[in-house]
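The structure under discussion appears below in the form of structure tokens.
Think of it as A, B, C and D in the order they're written, each chain with its own count starting at 1.
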Amino acid sequence: MAEPLLVTSGLSRGFGALKACDDVNLDIRAGEIHALIGPNGAGKSTFVKLVSGEIGPDTGSIHLLGKSVETLPMTARAGLGMARSFQVSALAPSMSGLEHVVLALLPHEGGVFHFLRPVARERELRDRAGEMLARVGMLDRAEIPVAGLSHGERRQLEIAIALALEPRVLLLDEPMAGMGPEGSARLAALLNELRGDMGILLIEHDMDTVFALADRISVMVGGRIVATGNADEIRSDETVKTAYLGETP
Amino acid sequence: MSVALFFEQLLNGLQFGVMLFLMAAGLTLVFGVMGLINLAHGSLYMIGAFACASVVAATGSFTLGLVASFVAAAFAGVIIEALVLRRLYRRDHLDQVIVTFALILVFTEGTRWLFGSYPLYLDIPTPLQGTVHLPGGIDYPLFRLMIILVGLLVAVLLFLAVNRTRLGVRIRAGEADREMIAALGVDISKLYMIVFALGAALAGFAGALVGSVQSVQVGMGEPVLILGFVVIVIGGIGSIGGALIAAILVGITDTMGRVFLPMAFAAFTDPASANATGSALASMLIYILMALVLVFRPSGLFGEKA
Amino acid sequence: MKTAMKGLAAAALTALMATASYAEPTKIGIITTLSGGGASLGVDARDGLLLALKKGGNDEIETVVEDDQQKPDVAVQIADKMIQSEKVDILTGIIWSNLAMAVVPSAVGQGKFYLSVNAAPSQLAGPGCNKDYFSVSYQNDNLHEAAGQYATDAGYKKTFILAPNYPAGKDSLSGFKRYYKGELAGEIYTQLGQTDYAAEIAQIKASGADSVFFFLPGGMGIAFMKQYAQSGAEQPLIGPAFSFDQNILQAVGDAALGVKNTANWSKDIDNEANKAFVEAYQAEYDRLPSIYAAYGYDTGNLILSALKKAPVSDADGFRAALEAADFDSVRGKFSFGPNHHPIQDIYVREVVKEGEVYTNKIVATAMTDRDDAYAKDCKM
Amino acid sequence: MRRDLIFTLAAMAALLAAGLYGYFGDEPFYLTLAAKAAIFGLAGAGLNIALGYGGLVSLGHAAFFGIGGYAAGILASHARNYEPLMTWPVELAGTTSAPVIWIVAMLAAGLFSLPMGLLSLRTGGVYFIMITLAFAQMLYYFAVSWPAYGGEDGLSFYVRNELGGLQTMNPWIWFLVCYAILAVVLVLIAILTRSRFGLALTMARENPLRLANLGIGPKRVLLTAFVISAILTGLAGALYADLNRFVSPAMLSWHMSGEIMVFVILGGVGRLGGPVAGACVFILLEQVLGGFTEYWQFLLGLALIIIVLMGSGGLAGLFDRSGAKKGAAHG
């Protein structure tokens, strides 16, 4: 079994009286898709924010590639190889999709502090950004400012941006929400293809996709992980049924 | 320096601070509740002073003058809120800055148009003139003592109003979540108007009080406005208690700096240049204080964590 | 014979040119402060000057008036405009030293005459003097020196002195000290624009001073005198005329009564020119003239007197005519020193109430035929 | 993008036309005004990098304008009285060479902006506005009471600084110098906004969280923009000092900060040619309204309020809409 890329131990964060994340232990291994499921308000998004560094934990640790990162800022975690897609698209309305992806490529390609060369002339960068967009199927919409893109297209762009970061760990917060069936299918295929290169944490509500794609599934309820296992194990887990599906055995 | 003089200077600093608080309270309230940055707050201060001076000149009653300062500034506040600022709540800070900057031009030149360029006469009423004998051998001007008491009283009333009344509950709710209180059926535009009028009235009241010991003239509000900003940045924007403490801190720092820095420099340079250097540094002191506070607490002493 | 003819022709030509330039009107550019907080000073200076020109009845004079907004950069641009586009011959009107420093050197550098109605910084009186620059008012230090002289004469031994921390404030205190023989109870520089003087007044009271000299122009002086009167301090106040201007006194009220101030003009100076001026000014503008109005009025009459002798186009002749100062000054005797700054008497005035109006009356003469401390350094 | 370019060219053409009118119509004062508009436009273009492209509402840019001005004034005055600027640790003499002065002015403004930006960027939003204002105010009080270079009186240096063999005192030549510098700077800004840094700056303004997520620290990007912005405004200050042959603390006052902001907003925030158009219109208003009444600032204030309330996006916004209408009519 491969060494996990990302490990959280005892990760907790409260908001006032509410414990959004409570002693969460979870790991993501190289080459797997690890799905995190749970009802609304279970604390999944808080978990993503904690791991990506948008907010800090009350207690607990996060190790990325063996390195303790819980006190590092978001930028440093990104530099170590973590990428994240946002649940609600976080894009700059005036920039085109291509520009977004180019920007995401820059940290690996000499940084952003170049002032006198128009990006339009950086052919190689644009070509590579084009490839990323092609992978999510929106090369033909590359030059349109984000303000003019549909909801689904923005979701696709989110993925392209995450890919451009060449992450070792990819956090996807409901990437398929609002996508049509066709888009979802394409994304599922893409994730399947990516699986070999990186570890993916997938938060998703569409259970069919989750059960089809995920190597492992963790179930979160009330801020706690109540079960972890493969698709079959989770399907048959009584705790999950009780807590998550609300079914009594 | 004698102990008595030291305490007198401390009292002077306190009085300056309390005056700054009256300015800063309105600024911080308006920003906290409506998210509006109002550069024209100093103009409301000026309006209060001019209203008071005019009414005192016409009626001879200082009390009526104070009432007039309160009413005129509140009225001016309501007018600009309804005509101009209301359209800016949803805009970004840039638009607010530029419109309220333009309002300063309008008010300053408008006042000069109406009243001319000469300073107006406004003096303390006879019963409040003179000094009182304080323990420790300090003869302190009665009116300054009054300003301290009135200012502290206003601070207490404001604190009670914000924390103990229905209006206060709404104001605090408005600070926390605008959509929420609108959803609860509170008339948000009425609330905004009341808050703005209250802030304006406080500024006008401060203008009248201060105008009667200083001078009532066009442009008198601008230096105070900038000090008001320093106060609310130090205190933390939106916090009345923070504004009070920061105002007193700024008042005392400024007063003590003016007195002691030249003395400190005189210890190792010749007196004339020590005076000049010391007072040059004293004029920068509160900004240095502000910078220091920001290094350690970026959102002020009592501000919400950014 | 031939030479004689030539000489005659030249003389005729000169005469012709002279008449031609007489026919051409003299253009005076007035740059002064007409908007913002300091507008009252500029308005008075302008009104005094225009009144003199109007009474002078010389219809060959044109004036251009522009507002400098009390901003040095605006003053420079207006000066450029007046020199380059309006082609004025004489510039005048600036109230503030910092604006004068911005405008005067370059204006006289371009061959224009500059006559100051108020500001006369020391930089333009010593080595930096210029043959085409005249100060009709005073040299900046004069009134402060007179206050120092008065404090000495009055027998004060421990004076407390204060002024704002900017160049004019420093000049003021050093001017005072130049003629003050006693010791200082304290010396304070306040902030420019400061209006709360509680801390300073407390220091004065504690210092054991027997008198106080202060230079706080405009609103600063109003605030200081009101607060001083409230503080219970007993020491007498002395100041230069700037804080006791006709317009300012009304805003100070009773707090100013009895305060001594030094000035080179007062409305009760007893001479015909002054009586006529005060009367005409009141008739024209329905208010009492201020000291700035008096300076403006004298400046106007000086120009008129010089134009009677030579046109501006004859620069040397016109300059000599200005130097002669052959006009009836409202200040009585008036002449220019070698650095083109006045030699004049400086008085001590006391603030009094005449009916409902606060004003000044002369109580003593502080200095007689005073020139200034910088004249010896001026090489024209 | 294209509309922005056309608008910028139009504003620059209008400014050149004003200059040409001054030259051929023998109205040197118009040349002075045109040079002033070019310099204010440059100051505004500097602010626009922070304000328009970076979303940083700085109410303290007078600090940089004044620092640039004082750099020019101090160097020139030292050169004229032959006193070295400093003797320790290295001996530095003053200079009247304009290019050297410009570089020093830009460096000085940039150096001051660094700690100011660092501290101001610790917070955001309305704090940023007030802190930048307070910093500029601090510098203003320092300049007023600092005796070495004239304090409140300011510093005169009588003759413009030297640039090659050009007659800089000639209003026409001086206008062309300012105009050329403005043009070069606008080209540089146009390139900058299309560069890698420009992309990052746009993202830092529109979505700083996302930028951090890409591994790029938004504060570093914004601080860099703030410093560049200060450098350009500092250059404008040096030119303004030369225009007037004079510097004073008035250049540092908060009204100056407000005015620079007005140029940007009148013209169009975040638009390349906006500050130029704004400065031209401001000076035009000042001249026209100023000739009409001494209370012209009252009318200026009213005009500003109306312009912002209409939410037109300044002159550039008006220009866009008029173009859009025409386009619709054609279509």
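By our rule, contacts are C-beta pairs under 8 Å (C-beta built on N, C-alpha and C of every residue); 3 or more make two chains touch, one makes a residue touch a chain.
Nothing here was measured: the structure is a model prediction, and the numbers come from that model.
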Discussion item. Show me the overlap between the contact partners of subunit A and those of subunit C.
Written reply: D
Worksheet entry | Most central chain, judged by mean C-alpha position against the global CA mean | D
Item to complete: If you tally contacting C-beta pairs, which comes out ahead, B-D or A-D? Let me know.
Response: B-D
Worksheet, complete the sentence: Farthest chain from subunit C by C-alpha centroid distance is chain A
Practice prompt. Could you please state the distance in Å, as a whole number, between where the Cα atoms of subunit A are centred and where those of subunit D are centred?
Written response: 43
Worksheet, complete the sentence: Note: subunit D sits from subunit B at a C-alpha centroid distance in Å of 32
Fill in: Euclidean distance of C-alpha centroids - subunit B vs subunit C, Å
37
Worksheet item: From the C-alpha centre of subunit A to that of subunit B, how far is it in Å?
Response: 50
Response to the item:
Where subunit D touches two or more other chains at once, the residues are 141, 144-145, 147, 295-297
Worksheet entry | Residues within subunit C bordering two or more other chains | 35, 165, 170, 189, 191
Discussion item. Counting only residues that touch at least two other chains, what does the list for subunit A look like?
Written reply: none
Item to complete: Give every touching pair of chains, nothing left out.
Response: A-D, B-C, B-D, C-D
Fill in: subunit D-touching residues of subunit C, taken from the complex the two chains share
34-35, 67, 71-73, 76-77, 80-81, 84-85, 97-98, 101-102, 105-106, 109, 121, 165-168, 170, 189, 191-192
Practice prompt. Would you pull the subunit B residues touching subunit D in the complex into a rising list?
Written response: 31, 35, 37, 84, 87-88, 91-95, 97-99, 101-106, 108-110, 112-113, 222, 226, 229-230, 232-233, 237, 276, 279-280, 283-284, 287-288, 290-291, 294-295, 298-300, 306
Practice prompt. Name, in rising order, each residue of subunit C that touches subunit B in their complex.
Written response: 35-40, 43, 165, 170, 187-191, 193, 195-196, 198-200, 202-203, 205-206, 218-220, 222-223, 226-227, 230-232, 247-248, 250-255
Worksheet, complete the sentence: So, in the complex, the side of subunit D touching subunit A is made of residues 188, 191-192, 194-200, 202-203, 205-207, 209-217, 221, 224
Response to the item:
subunit D partner, complex, touching residues on subunit A are 52, 54, 73-75, 78-79, 83-84, 86, 90-95, 99-100, 102-104, 106-107, 111-120, 122, 161, 165
